[in-house]
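What follows is chain A paired twice: with chain B in the first complex and chain C in the second.
Moving on, here comes the complex of A and B:
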């Protein structure tokens, strides 16, 4: 099977800027993109540099941007990239991190985010079982963090995350999935401290682009982030703009079934916070000039009563759930 | 003379499970500890271990059964005192991991679940679905961070420095900058993994090149039982990727082209769950006798049902779909034996100390020896966890009792010269081609069934390859992230290991465990119940033999 690889090359000190080079390949039908890179390195140019190890999507080494999407190249067949008549496979290094050489990037910030969430069990020391027994944990309790366990820290989602791209402080989806894994661990005793830390680190900065749902290992960081936010409010960590925004947003929808953006901004800043409102004014003016400011008269939906009923039902359901959760903790029986 | 740029009391090389356990143990013993690895710790091959880790924790089990199964599995070549430590301390090590955070799969009552594995009398293998190594690796790495272990990521060790039989430290290449540095240590622990990549289509990671075995050998440490290479019975034909023994543990069948569950012809009571060497030979026999399917036999999981497969074996389901194009829910997976595990390694005692003062080893690069001639599934993760910790504790004790030794002046310059020579070479040989030729030679001449003439030819081929290696040149002569250079180092190391495997195999005129000879079909306890020990000489490995530590279990005929 013939294919053309167009690969980003860059050697610091030699190349002023990254550039692309073409390689013509003719490999077996089932060959993966990693097979192609290995073929080039072994047979055409051993200076081609990239990370790889296990070749079967468990070590997390070989994430790269392939035709615009970040993927593990070890499990991506060349053939699948040639579908829909494409003849070239364009391969670039992970985004949001500085290239070191060719397809290798500096991942030190990525690992720092990982360490920042304190990714280790922090149990109640008095409750640790003796040396010859385990914590009793039901399969259902494990299920809450089962998906997080699949994470191989490959940085596919980190590379595709729009917030990571613009905000170096945002921990990114993998660190937050790891944090979720420990927050949900029934053996951990630091849920509230962890949630406070995550709020400080920026769990509310996720902008819901959901790019992280394209996970090669079926981890669901978007869900993990949503859960962490919900749990942080539940834990009473509400003195932050994220929680306030979420609460005011919900309130606004509850009132008229449709978001009242102007009022949301006023309320979030604080109606009586004159200095804050003045600070917002220049941006408001710019938005007005660009035609981005919502209509001054907020329009409710046609039948807000329907929305009120939905809110009532959801709140009732939540209360029931909370009660159930309470029971689970008391009896330490089967979780949800 | 203090010409080492970096120094630590304990330096662990290799950040897979054995290395991380060693580093955490040494750090907890209160000494300054660093761990150094050619890949980020999370990329280590321990993470690829799928099926589980053995410990006699069930109420119908006890550690002595596990001990016996291990010794029998080893074809009586394991040192029984070491195997005793392994199996007796298995439960406490599992519970320790669990307390550190490993989320083992559970029974409904909340206790750690176990599944059956090959060569074991009862279900004894603890697991996290089929990502056991992955989850344990992450957890132990997290413990290393928590405990303040210094981590050198992407540093490649090019030389182990020993003088007057005392270990001084290592020379290591910072892969990112290209800088070579002397790293001085009171004690060095090698936990650098097995030699799998010496073979073609190994289950092993591309980084499992056994560098540690070769570096220790070149520095004068003896290397033991390297001829015993485990071929895993179930690997994917396309690329050698592993399909866990846990699949058979969960009840999968092995079928030949006639749809027959052939294993009962070879292992009347255990069938598919006989020891790995037995199953791999049976599959090979079926294929050689014409009952294979395109060079494979079939692993049939269909009767387990989708729910069970998805719960217990989700990763291998995906691997089968990705690499074999079959969903095991609907069709059997074509599989065949593939090189998987190095039973031998750096010779160490049961404290993980080598005969070189201050030099320790643990995990797959070592031979303590708990696996002897054939390792049981589920015992490799266990070995890394148990003996990694022991190695770290031993190294910390040594470091506490000893001062830093002088680091030889010329050691760094020697390695600078070696690299300069590779960079300036205009030879016509390429690393990729030589590596492919070496792997092909090993698969052709040192496969599951071996014989003298075939092995002698193989040894000649390896000799030729070693000569050709002298004419290797690199396209990449840059400093930053030069993986052409590290692959050349790896090939250099693999050629040494291939030679040690080859001469050990030729010399051993019997069949034991994973070493099966068509010209010497039987085990020969009279002459060969002993460890092969290879020591470096410029002319090639010098073989001597050392007794096996026996104990409670006398050699018996091995039937499953």
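Moving on, here comes the complex of A and C:
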């Protein structure tokens, strides 16, 4: 099967800027993109640099951006990239990290985010069994961390995250999934401290774009992030803009069935925060002049009382559940 | 064709032009809309962050109302699509949960059996209505207009909740633009996030994301962008002057709603489509086709 690889080449210090080079290949039908890169390195240009090792999605080394989306090239067939009429395969290094050479990037920032979430068990020392005993955890107890444990640290989700792309402070999906793994571990004794730390690091800065759901190991970081947020509110960590936004939003729906955006922005800025309100005034005025502020009254649904009743009924049901086991529990894990 | 029309909050709030242009377009195309004036917010993932069961129950109420009326739901927002789609899937796959939710709905005289489909307007136009039929309604082809289709993120992912097309290589919007006689523009950010969902939580990062998308479309020589989602529209249009100033960008890119873009090609008056309510005027960009 014929294909054209267009590969980003760059040697810092030697090349003024990254540039793309074309390679024409004719490989077997089932060849992967990694096979193509190996072919080029073996036969056409041995200076081409890229990371690879295991060739079957275990080591997590060969993540790169293929036609705009980050993938493990060892499990991506050339054929799948050429379907839907695409004529070439464009390969660039992982995003949000500095290129070292060609397709190899400096992953220091990626690892720093992992260090920041303290990815090791911090148990209550008094509860830790002696050296001759196991510290046992049942499969049921570890189920909530099961997906997080599949992470191979490949940085596919990190590279595709739209927030990571512009904000170097955001921990990114993989470090947050790793943090979730420890928050959910029954042996860990630092849940509240961890949640507070994650709020400080930016767990509320995730923009819900779900790019991280295309994980080659199905880790599901978006679900982990949603659950960390819920648990942080549950733990009483609510003095931050993310939790306030979530709580005020939900309250707004409870009042009228529909979101009152104008009131939400006013409340989140703080009614008595004069400087903040002044800062928002030009935007508010622009929207007012365009007829984008629904005045004088926010439009509610026909029967806001029915919506309010559902709020009360769901809360009552959940409170009853907390007092007895065996009911259907709905958690953030319900598919998200 | 008849649908239960789920407006969502924003088309009834800060994006009224979306609602008005949708209603006008549906009329011209002969699509009947029953507006769900009693449907609550989809939860936007925000209620889900705090209490997933509450969001699912509120959305089950919406599905039950559409089911009772015997209609599928059409929505005009990617976040509504994603959240309604997700909650609908979870309810359909989980009979015990559906049962629990129905016990709450029973006191409102409602019941959901899991038979409603949730579709974004873009999908309805491309798939249910059909490109060929749409072409017949185009009386004012937008020849020469370079349109950057902004698919955004939540209409495409997660695949199990949306599932309409390949999120890495979507084509529906491009097909729609071609049907209107305009030219779709390819650009790197068409499926990446506009930052809306953190606009109030982290405005600096959010506006950086929006400006990046706008500049990507500009650099691909687009005359305008178009979006199927009022939240993307808020980030990209309503906040564009503020975002550009915050990020030191000179970008100026008109952004139309899908309903406005299709409406123009179908000969609907720009005043009826409320183009005047766009923050960044599309007048100069559209001068060649209007």
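For the reader, a short list of remarks on this structure follows.
The criterion applied here is as follows: the second predicted complex is superposed on the first by the 301 of 336 C-alpha atoms of A that agree within 3 Å, B and C clash if a C-alpha of one lies under 4 Å from a C-alpha of the other, contacts with A are read in each partner's own complex, and residues count from 1 in each chain.
Rule of thumb we're sticking to: contacts are C-beta pairs under 8 Å (C-beta built on N, C-alpha and C of every residue); 3 or more make two chains touch, one makes a residue touch a chain.
As the structure is a computational prediction, the values presented were derived from the model and not from experiment.
Once the two complexes are overlaid on the shared chain, A:264 sits against chain C while remaining clear of chain B. Of the two partner chains, chain C is the only one touched by A:68; chain B is not. Contacts of A:314 after superposition on the shared chain: chain C is touched, whereas chain B is not. After overlaying the two complexes on the shared chain, residue contacts for A:133 are found with chain B alone; chain C is out of touch. Judged by the touch definition given at the top, the superposed model places A:45 against chain B, while chain C stays out of reach. The partner of chain A that touches more of its residues, comparing chain B with chain C, is C. In the superposed model, A:277 lies in contact with neither chain B nor chain C. Of the two partner chains placed around the shared chain by superposition, chain B is the only one that A:59 touches, whereas chain C remains out of contact. Of the two partner chains placed by the overlay, only chain C lies in contact with A:233; chain B stays clear of it. Looking at the complex, you find that chain A touches chain C at residues 67-69, 84, 86, 162-163, 165-167, 170, 202, 204-211, 213-214, 222, 226, 229-230, 233, 241-242, 245-247, 249-250, 253, 257-262, 264-265, 268, 282-283, 286-287, 290-294, 298-299, 301-303, 306-307, 309-311, 313-315, 317-318, 327-328, 330-332, 334-336. By the touch criterion stated above, chain C contacts chain A in their complex at residues 9-10, 12-16, 37-41, 43-54, 56-58, 61, 79, 82, 86, 89-90, 93-94, 96-97, 99-100, 104-105, 107-108, 153-154, 157-161, 166-169, 171, 188, 192-193, 195-198, 200-202, 205-206, 208-209, 212, 238-239, 241-242, 276-279. Partner chain A is touched in their complex by these residues of chain B: 39-40, 42-45, 47-48, 91-92, 94-96, 98-101, 103-106, 108-112, 128, 131, 134-135, 139, 142-143, 145-146, 176, 205-207, 238-239, 241-242, 315, 318-319, 322-323, 325, 430-433, 435-436, 474-476, 478, 480-484, 487.
Residues 11-14, 30, 41-43, 45-47, 49-61, 75, 100-102, 104, 107, 111, 115, 118-121, 123, 128-129, 131-139, 142, 145, 149-150, 152-153, 182, 185, 187 of chain A are the ones that touch chain B when the two sit in their complex.
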